[in-house]
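Heads up, the next two complexes both have subunit A, just with different partners, subunit B and then subunit C.
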Partner chain A sequence: MESKRVVITGIGALSPFGTGKDAFIEGVRAGKYCAEVIVRFDTIPFRSNQACLVPAVELEDKDPRLARLPLSFKYGIAAADEAIRDSKLIFDVEEKDRIGVFYSTACNTEQTEQYHLGIVEKGPSSASPLLFQNTTFMAGPGAVSIKRRITGPAIAIPGGYASGLQSIDVAVNYLHQSYIDVAIVIGADELTRLHYEALYRLKLLSPRRKGAREISRPFDAGRDGMVLGEGAGALVLESLSHARKRQAKVYAEMVGVAIAHDAFRAADIAPSGRGLATAMRVALADAGMSPESVEYIAATANSTRLFDNAEVKAIKKVFGSHAYRTAASSIKSMTGETFAASGIFNVIACTVAISNGFLPPTINYEEADAECDLDCVPNSARAKRVRVAMANAYSFGGTSGSAVLKAFEDTEEDE
Partner chain B sequence: MALVAAEQAVADAGLDFSSEDPVRCGALLGTTLGGMISGEKYHRLARQNRYRPSLLLDFPVNAAIDRLAIAYNLQGPSSVFSTACASGAHSIGYGFDLISSGKADVILAGGVDTMTEFTQCGFGSLQVLIKEGEAVRPFDKKRSGFVLGEGAAILILEAREHAEKRKASIYAEIGGYGSTSDAYHMTAPDKEGKGAAKAMLSALARAGIPPERVDYINAHGTATRHNDLMETIAIKKVFGEHALKLAISSTKSMIGHTLGAAGSIELAATALAMKGSFLPPTLNYETPDPQCDLDYVPNVARAKTIRTALSNSFGFGGANVSILIRSV
Partner chain C sequence: MTHEEIVEKLKSMIVGRLNLGISPDEIDKDQQLFASAEGGGLGLDSIEALEIVVGIEELFGVGVEYSEGVEQRFYSLNTMAEYIEELLEKGS
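Take a look at the complex of A and B:
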């Protein structure tokens, strides 16, 4: 089946850099490090205490039902609102059954944990129907579809850290199948105490050094674990024919996307990076592009030995000697590990490389690691405009995703 | 549970994954909770200052799918769908998309949910569960809600040519599916059933099948007042006079509401009914409801050749899925 062309026409971001896609782009350009001491929850029991948190969230809609939603869903709704505004879609004239909502989260929310702990500690009578409906993964996509009266598919695609790209994958396939003309894709997570505690107890976080900042330093020889983040990214994807009809501004074309699994070991990833290599290879084949055409990779490296090494191996496997000629930086050096949002943030980083004319840097980079010897755009953004870029995501458990983006060229070819 | 269901499905299909290209094989799973039961254990131990981080490894919603991928070396697409009670149906629908667009050869698709205090208390608080001594009676005038169930169903989906080449026994062919939203309310269905009707119409349109050809509908049929009335209205809207001729039944009258697994268990039931030429019954049906006046196959199964059937799944947040299957 010949694929329809799919383009990105709207971007929204609520990130540790602040509210809005402009804050994201400027933060990435400046190479701003976002970690700070956590005040949201008690970190006294742990030997680390920092994370990259979203400074504030304000919803444009003052509906009290939305005000009661968990932070994570507020982030997602705010990012979706921005992406929709940015796309200049006019909902009054759109066929609302031709729009879909695809929404990823990787972590349970604080409200889910409260609800859960309430039952464990106080028994069944403590269960509140309002809290319960906020615990379902459908609370996010449900709220977006209800608010906008979207009657096409609204689907929650929860998963691990790669779930942002899983949502993009489903959305792109729905567009290719002509089920819909427009997809609103969201990846959102809030950092909760339980999630922090879990990763801390699994010894995956960068430990605190007296008085010093905990540092996210992907690819650096001194990297010693993740610094966690949070936030939401949102994209409006649409079929080119629909975008053209309404003369929408196009950021980039989504030419290929793939999800793969490394089938290695539970709660682990294959050190060879074979799952991510498969995702990159299949995404390139889907795009009909050669590895040599890729000039920038928004890497998923999160400052752990395991992930960063696996990704570098995967890139070398797919790109061969071209691995040393393409740039591969990790914005998690600035935002920390942002879970479901990270896949969307990496796609936004690719649109920056394609349409804003610079490559996002890997900051906090001090000491070269022989195992991670690719060009990671160390420490400061590099002026460069690329034609083809790739966004990666890799999750514990072995799911990985890869998307290929291309500068938009408005040729007549449509279907 | 998902692993056991997968083991049975793989054996039933006679599949040998060592002769498949692993990158062309994948797994899709619908669930509302994932490994919530592990999380409950973690919380209980943590209250006594006993921390077992290993319990958290099976807590994430994607943990079950990782275990499936590892067990069968499935290196292709994998995703979790969580559209509440429509989850299992969404995963099968997406498996159909991946195969029909040539992106995969074999997909293990289904749903799983385990019984937890989490959901029991939650649905209790929404007052949709029946009280002690009552029965689950979908479409009955005296219906008062459902009981929760648990379980898993995994279906092996493959391209028809792929199945024929390896001389597999085929249960049914998926003709298409519809996926819509009510955009109405988080926990209540749209009373007019517009989204549900649209999902059935889309499934029919994508399969290129006129409504009159449908013999059987495996209903969402939760036995709540709202759902069953809404579903009946939606079926009448889609099928017109033919609504009185086709058979409808609710598997939930027998096994309760298995949440994220329901869509896949009920599609499996539909395929088995097709293969066995019978209409599954709606149990506990005693008092007809004048507002729900269709043929719900009351209480006993009936022999009948089914050529075309729909399986409906509607969920929280207004997600509606209808999958069409036909005999081969």
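Take a look at the complex of A and C:
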């Protein structure tokens, strides 16, 4: 019998909306569309040329060792810094081996590509030791731990687009087992040319219409593929007893989380959405809640026919007729597909629905699709405060995750 | 290539490869590379030393044995340039 309650006490976001969680919340409230023409790399060979990129990243520390890290890790470090500041944790008084860092990524960095390209072009003796060091999976979590002398677990989770929720799942398990008191959970990715090209060649990106903006329009009948994004989201998760002891502000309670795999194909997802349905069902069971209690779902729909249809099918399977009474919107309509960050961003979207009093919209929605006939909060944010919300993530390769969040009530149970 | 030319090339290479965010002129040729910044050095670490080795091999076409004793040769830009001069002489 599980007894530990886990709460969210810090939030950080470096997103296509800009720097900070406030920029994220305001962007979501305004329904801001973030796609711009890519200048970071050459898109001339492609029929697409737009993405939702992070406008700028500035780190607290002016250390050149951090400055030369890949963008992706800088994003993650900046988001973690904000979440930790936001939580008001004082590291001088914390037991450092009771804090863990759970860091998820889905994609390689541009420096990883450079590292391998250098070896291919000039031979192994030209391999850059610094690029090697900067591009290992541990470079991000290592940097977060080293800065604060955190000596608990530092875990890198390269788990595809659902890895943000995987890192939450692992962190919550550590907290439930009382191995740690505090978890710093990060999901971060940068958009690279190679990743862009791969998805373009797989015909998964929304193609450019002459002079028009490429449109991310989850659930819309006219959706024709993803617009890619990037960024980092970070959360401070904490056992309730620890949060109480230091009188921390609580955003929401993390009452259930689960990850699952659809055991279908290596680079695909099961069209029935069965993996995501399993994750949602197990997360609800973990929370001890019925589907009827969920009032909002931060959907993982990314404007592809495959993902959006699969998610709607999965929601209907788990929620039955209640699927039509709950709202399910996708912030990827604004930020594009943000890979590992997306799961964390969806959790932040749930805290918005719980504590900021509005439901994030699905923007760019024009034409109803009979296959995606749920309430997607079309085009503008809806004033509503919910008690229970769910965040989803689904990845090529079949990994999925789901988290259930609840408005925090400081009752005496637990400890 | 004169000693001074080698020193200048090393400065630019090190600042560029290590992304130090300073101008090459800000490194003194007698400054200790691995002593801490507080101690007046450049505060480099062992991986950065390896990066410099790869940079020297590319820039001067010589092979550097990264073994014991090499720290003395990498003490400052001056000693590093002397070492490269020896390697160039050996190679020619």
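Assorted remarks:
Here is the rule we go by: the second predicted complex is superposed on the first by the 414 of 415 C-alpha atoms of A that agree within 3 Å, B and C clash if a C-alpha of one lies under 4 Å from a C-alpha of the other, contacts with A are read in each partner's own complex, and residues count from 1 in each chain.
Note that in this section a residue touches a chain if its C-beta (ideal position, glycine included) is under 8 Å from a C-beta of that chain, and two chains touch if they have at least 3 such contacts.
All figures in this text were calculated on a predicted structure; none of them were measured in a lab.
Of the two partner chains placed by superposition, A:30 touches none, neither subunit B nor subunit C. Contacts of A:399 after superposition on the shared chain: subunit B is touched, whereas subunit C is not. In the superposition on chain A, A:259 makes contact with subunit B only, while subunit C stays out of contact range. Of the two partner chains, neither subunit B nor subunit C is touched by A:59. A simple residue count on subunit A separates subunit B from subunit C, and the partner touching more is B.
Look at A:152: by the touch rule set out above, it reaches subunit B but stays clear of subunit C.
Within the superposed three-chain model, A:289 lies out of touch with both subunit B and subunit C [touch as defined at top]. In the superposed pair of complexes, A:129 makes contact with subunit B and with subunit C alike.
Residues 126-129, 133 of subunit A contact both subunit B in one complex and subunit C in the other. Listed in rising order, the residues of subunit B touching subunit A in the complex are 22-23, 26-27, 32, 34, 36, 39-40, 43-44, 47, 51, 53, 56-63, 65-67, 69-70, 72-84, 90, 94, 97-98, 101-103, 117-118, 120-127, 179-187, 194-195, 198, 202, 315-319. Subunit A makes touch with subunit B in their complex at residues 1, 96-97, 101, 106, 108, 115-117, 119-121, 124, 126-129, 132-133, 135-139, 141-143, 145-146, 148-160, 163, 166, 169-170, 173-174, 176-177, 179, 198, 201-202, 258-267, 274-275, 278, 282, 395-399.
Interface of subunit C with subunit A (complex): residues 17-21, 47-48, 50-51, 54, 57-58. Taken in their complex, subunit A has these residues touching subunit C: 62, 64, 67-68, 122, 125-130, 133.
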